[in-house]
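In order of appearance the chains are A, B, C, D, E and F, and numbering begins at 1 in each one.
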Amino acid sequence: MPEGARAGGTDLRALRWEIEEFNTDYAAVLDAGRVADWPDFFTEDAIYRITGRENWDAKLPVGLIYCEGMGMLRDRALAIARTTMFAPRYLLHQISNTRVHSVDTAGTIAADANYALFETLVDERTTLQQVGRYHDRFVREGGRLRLKERHCVYDSVIIDTALIYPV
Amino acid sequence: MPDSARTDSPAPAPALRWPSDGLTAIPDWVYTSPEIYEREIERIFKGRTWNFVALEAEIPEPGCFKRSFVGATPVVVARDLKGTVHVFENRCAHRGAELCRPQLGKSTEIVCPYHQWTYDLAGNLTAVPFRRGIKNEGGMPKDFRLEDHGLLQLKVTTRHGVVFASFCRDMESFEDYVGPEILKDFDAVFAGRRLRILGYYRNTVPANWKMYHENLKDPYHATLLHAFLVSFGLLVAGNKSAMIVDPTGRHGTMASAKPPDRPQVDAESKTQMRAFSDTLRLADPKFLDFVREFDSPWSVTMQTIWPNLIVQRELNTLGVRQIVPRGPNEFLMIWTMFGYEGDSEEMTRHRLRQGNLMGPAGFLGIEDNEAMRFVQQGIVRSESDTSVVALGGTEEGTSQHLITEAAIRSMYRHYREVMGL
Amino acid sequence: MPDSARTDSPAPAPALRWPSDGLTAIPDWVYTSPEIYEREIERIFKGRTWNFVALEAEIPEPGCFKRSFVGATPVVVARDLKGTVHVFENRCAHRGAELCRPQLGKSTEIVCPYHQWTYDLAGNLTAVPFRRGIKNEGGMPKDFRLEDHGLLQLKVTTRHGVVFASFCRDMESFEDYVGPEILKDFDAVFAGRRLRILGYYRNTVPANWKMYHENLKDPYHATLLHAFLVSFGLLVAGNKSAMIVDPTGRHGTMASAKPPDRPQVDAESKTQMRAFSDTLRLADPKFLDFVREFDSPWSVTMQTIWPNLIVQRELNTLGVRQIVPRGPNEFLMIWTMFGYEGDSEEMTRHRLRQGNLMGPAGFLGIEDNEAMRFVQQGIVRSESDTSVVALGGTEEGTSQHLITEAAIRSMYRHYREVMGL
Amino acid sequence: MPEGARAGGTDLRALRWEIEEFNTDYAAVLDAGRVADWPDFFTEDAIYRITGRENWDAKLPVGLIYCEGMGMLRDRALAIARTTMFAPRYLLHQISNTRVHSVDTAGTIAADANYALFETLVDERTTLQQVGRYHDRFVREGGRLRLKERHCVYDSVIIDTALIYPV
Amino acid sequence: MPEGARAGGTDLRALRWEIEEFNTDYAAVLDAGRVADWPDFFTEDAIYRITGRENWDAKLPVGLIYCEGMGMLRDRALAIARTTMFAPRYLLHQISNTRVHSVDTAGTIAADANYALFETLVDERTTLQQVGRYHDRFVREGGRLRLKERHCVYDSVIIDTALIYPV
Amino acid sequence: MPDSARTDSPAPAPALRWPSDGLTAIPDWVYTSPEIYEREIERIFKGRTWNFVALEAEIPEPGCFKRSFVGATPVVVARDLKGTVHVFENRCAHRGAELCRPQLGKSTEIVCPYHQWTYDLAGNLTAVPFRRGIKNEGGMPKDFRLEDHGLLQLKVTTRHGVVFASFCRDMESFEDYVGPEILKDFDAVFAGRRLRILGYYRNTVPANWKMYHENLKDPYHATLLHAFLVSFGLLVAGNKSAMIVDPTGRHGTMASAKPPDRPQVDAESKTQMRAFSDTLRLADPKFLDFVREFDSPWSVTMQTIWPNLIVQRELNTLGVRQIVPRGPNEFLMIWTMFGYEGDSEEMTRHRLRQGNLMGPAGFLGIEDNEAMRFVQQGIVRSESDTSVVALGGTEEGTSQHLITEAAIRSMYRHYREVMGL
């Protein structure tokens, strides 16, 4: 049966609003190319991973990007911001269908949301870089939500050329 | 793919005459001509070559099958109920439907969705519905023999769990095909240990498929383009390294031995390498750790096995890459990443962490794919018409240093022979 | 459309030689060659054929017009103020603009947006702004005659409210063109009752346009592919059925008579039909009810009227489908669904409910469109180069059973004549 | 004048949140391929229809999918889940611009929302399957919202090959 | 650091809901082709502008559409509705990632949101007309929000043929 | 781009024979043939022409550079450290990468991302990493000379801050190229005042690039298509106006003098102009104000400078438009809008407000782009095969009235000479 009922409670709804705002800020940082600020959305021990739906469905662990912990998040941010060679581009996220599944006793929030990521190389047409779903675990640190886990699972099996920025 | 490439009209067939300066000048048309592309399909991918199609670990049990490609031609790789691996065209013998749809599956037979002609896992036609008609009306002619209408079957060979196929009926053995120099580092990855599949990446590159081979036969770029390689000494001028080429010139191994810690790069070299940074530091350096697990002097070997396979051993991140050409201006890359059965949980995670180096989002992968895109754009859209491959003069074959394009010249010597250019 | 088809370079022009095995082997190139496609446009769609363009019910009143196609050529179908229906090219005689933009409209004239040359509803040029210039300056030459610059007008005929057009100047009558066998079931749908348009579907299929004809001249697939047809006995081995072909071989009617309830399928046939299920049951069976309303022994007739029309009578869901070719690898389908004037509200809803069988989201439509896509993919991407049409041996023409490909062979006999292949 | 004012009331806003959650669950079920669960979002006598904007604007009644009542909804779900032949694919919905128009005395809620549906065949690029708008009537049954009517009106006049799943 | 915190306050959240509803109504008017009603979303002295991200980033003032005040808004609406020649088409907006930045002492609200605009010519496939971000300033007039400034900044550098309607 | 254009197969190469009626009939194939397109690239864009590439105001300081195009070929326009402007191909001399990526930038050198070959701002190769190898191993051959491997450099000229480039080695001066008639109105925009860039528009048009020239050599459409022009008298039958053509026929200036207020349009003309409306009124008329700031009798001059530049002076909204062809069926337009240094804040805003007339969202721009799209669709998809250019009979060259196509005929006289048609 549909899960509508499960999400009916006020608390989950308030969490949804908070997560929507979190995701909006998260996307705004990436869309502005401020990749150096991106690790701040995560906890010290966070897992961040981008993987295709074929891997996710088959429980294969590989990630296009696979970061364990703040160090690897910062190294990824640094590499993209400073050392990696790629053509300039604009990115824009549309995040919708945000859903809060549960809050466990430790206060960890299980949630997901759908995203569409549009990419524009500065002299070409806008393309759909990928569509997918965030599978998230949030915790609250000092009143603020932070991501303990974000698995970006994309439907778009075939990546065009390269995926530069985190999703 | 650049808009221009999408919207420009096809260039008029160029005069396919190789420039006089032999192998130090490559004409643009090898990367852009539809005519050349068609000839490559016929003479290379459907010619005397072994084409990678699968890892046995992907189809571990009888009945397992996988969709794959030989060149641009879709094929099915299937393990029959006796355990033998077969490769056949993914095209129904009746009206031609691409009959096998899932990427991976398991079954006792393969049934075409349109009229349900049924094939066994070797591609033999086993049943045609209403073959005898109904009440003596219709059905196939009396002289119709199932055995005349199987799926087109390819020649198959395997080495240590890696499956290759060929349209060539009298192919030499894989061992003779690649030769001992290449086999050595190939076996270092595959011999003796069973693979555990960690997952897949798929990406297109808007460039000619040969550029991917050239990129991995070009140690010069490695030490200049990739800040990660040079700054952390994975592959850098000063390391012990080699660009190994087989006698035919078509296969290669780019190899490097990483020093225990930061490389000793002489001042002169540093000035030559814009990408080099002494000060670049990782917040989490362990992802570059190298766990010695191979019987090899090299910490990195990137093998190009003509025409469609790359074997990646970059420290402890392992994978095979299959090249699927899609016309002169684009190819598809299918990456199968793996570890070994018996890897500890931590070792698996180490491989996954190190995976950040490679793939279409890898620190190196991004740069190579972007560079190839830039080259195809330049070639498709510019007035000039050749590129220069003069590094290391006219030398060819294996070399022990990085500042050479010898392996690219070797590849084109072989290519010109096969292509009659 | 499959990526490969989008990105692969055009295949080199094949040697257009028909295989020796006559009509039991169809060469791939009839489905993929741009050269063949161009010849089809010239010799078939612009040749001696009647092309469906509209239903009169779509343009009921004087001044009504509709955009349509003959082959790939955009045309306008218009009813002039006297009520006569005209068909003319949708291309301005001045600089060539595709001047009529809305799908349907009503007006007393057709005005080109660019320089407002004005045409009547027969396509005659009636006004050119500033034709005489201003103050004797400029304007069209004295010898410019409006009557020399009308829109290209096609020959038009109608039968029971169905409008056809032809580029051929001396076309035979529609009745002679289709012949009595086909006319009979055509009239069963259209004669005597005025149509009520229920709506439109539009979809592309990434396959050659001829495959759509073949699909509807292939009763074999119907009894195998479509679980709905076989399990609920709409069209199944055991029903009274026929595949009717006109003497020229180009037109056809696939016909079947549904038994009152579940069909009697013999055990033997069941084993041949994977799609068949005794246990499959509908939660709401009434959507398959057949309200007898036609003077015909058949509960289902699917007519293929060469080259671009399908007349669908599937129980009580009715429609015409127009085929618009778009190169060898794709065609557009325009579906116009209808009932009859005077249908009760409930009857209309019955037709709408039954509409779930057909269209690009129909239980049958999904399967046919997917199957055709698979075939084009297989043909475009594979190494093999012919398909087999041997069911029913070499027999051609009408047959009373389902297990035959005779009608496909008949179509290709006609096709080869017209195409000079 | 714009309709902003009409949607200003607290009640309508609370309904919007509830409908957003309903649509998120609805999309999640379809995106997961759980088509057998899809009828549960509807009432016994529900109307479900997918039709092109050209039909909607001209008041032509035809539907690509046209279901009257739970029986037809279940038959559609069953056919897609069990008997229909089609190539495997991934689907992802983005639903946004949710709007509540009114609640009538019988408690029937008139609402609409925009959707974009992205389709990925397992070996091809992601395509925009269709964009359109849900025109909905909701009723409350046992505390839960259910669809009494959903008309999916798509802008994308030309369907590519086939529309397999409900939208 | 991420801006999540900044948007945490209840007031900003309530404003977000109100702006989401405003944008939904705004999009509905344009998607319905009711361009004549579009100026009603603005104040008398409003600025409306559509410009590419390359201009926005370089602080170049040009606009594909550049309106100062109600008169120009009405003239644009009139021209599109009555005099301009173009082929018929359908438009559909997806607006998401709505963010309220601040409210100044004069009550002017600074906000932004991401949009994707899909265009369908009546005999062609749906295309992504553009993606971009609204950079807005709202004021409240007689209880209703109105736009004092809307800058539509599109990523999609290359416009296909023509941009007919306001975004 | 219309689906048809995307999905139709390429038409078979037409017989490129110009119709007998000379310049009053234009054959469709000049707009659609890939063969013709390739010849245009060679003989026109890479032939004896000055191609617009930049405004000096875009690269004001030493080290500034900009990506641009000559025909379809990407080039870089750079100002060296001495202030001289250079134009060179955007293709690395090594392996061919399109090396310069940002649209605008500032630097002392240009470095290829792939192997970091380094060029100065004139396109000369200045450094090759590891050119001498390492420890005498590898590197470039002894006889490799940097000066032999620079980027392909084009001839450059500027006039009043407008930069042109040519592949032709012995080009005449720009002044001789355009001639005094054209130069006069060109200078009215550019002479004496420094430009201030206001921003960019970029759009594609799914039509042949020549149609853009024809549109601006076609005063007839201006007075019919554009309700704004005619109703507010910007360009309308009755205004003092002219269509000026240079002696070669390739360049043109469409000019009109707006009366102080609503135009006097005689009753006869009104009846000819559907777009005309007496009652059309602006809520904010000031956006059509004309601030006299030019030494010219004209309030509007639209200049077509062959082959790729349009200079727009529409009242006070100013800009240049660069045409970048992308095959026969599409071109890219790059609009650079500007005012003058020293413009008041209000004057700048006046220009911005008036900008609503032009560009891909402009009241006029929308109509022209749509009209061109309609024409290309009509030509690509129809059966007819020529268009009619008979307005003003066979007269050519400059005319003082609007109801003529003389300038289009003049352009095609020149075109046929250069193209050998």
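Following the convention adopted for this analysis, a contact is a pair of C-beta atoms (placed from the backbone, for glycine too) under 8 Å apart; a residue touches a chain by one contact, two chains touch by 3 or more.
Predicted model, so just to flag it, every value in this text is computed and none were measured.
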Fraction-based call for chain D against chain A, same above half, different below:
different
More C-beta pairs touching across which pair, A-E or C-D?
C-D
For chain A and chain C, what's the span in angstrom between their mean Cα positions?
47
Between chain B and chain F, what is the gap in Å from one C-alpha centre to the other?
44
Chain C: which residues touch two or more other chains?
1, 3, 10, 101, 103, 113, 225, 275, 367, 370-371, 374
For chain E, jot down the residues that touch at least 2 other chains.
54, 85, 87, 94, 96, 116, 122-125, 128, 157-158, 160
Considering every pair of chains, which are in touch?
A-B, A-D, A-E, A-F, B-C, B-D, B-F, C-D, C-E, C-F, D-E, E-F
Could you pull out which chain B residues touch chain A in their complex?
1-3, 103, 197-206, 225, 227-228, 231, 275, 277, 280, 282-284, 287, 332, 337, 348-349, 352-353, 355-356, 359-361, 363, 365-367, 369-371, 373-374
So, in the complex, the side of chain F touching chain C is made of residues 3-4, 7-12, 28, 220-221, 223-225, 237-238, 269, 272-275, 367, 370-371, 374-375, 377-379, 381-384, 387-394, 399-404
Inside the complex, what are the residues of chain F that reach chain A?
67, 101-103, 113
Can you list the chain E residues touching chain F in their complex?
50-52, 54-55, 58, 60-72, 74-76, 78-79, 83-87, 123-125, 157-164
Name, in rising order, each residue of chain C that touches chain F in their complex.
1, 10, 34-35, 37-38, 46, 72-74, 89-99, 101, 111, 113-116, 129-130, 133-134, 137-141, 144, 149, 152, 167, 326-330
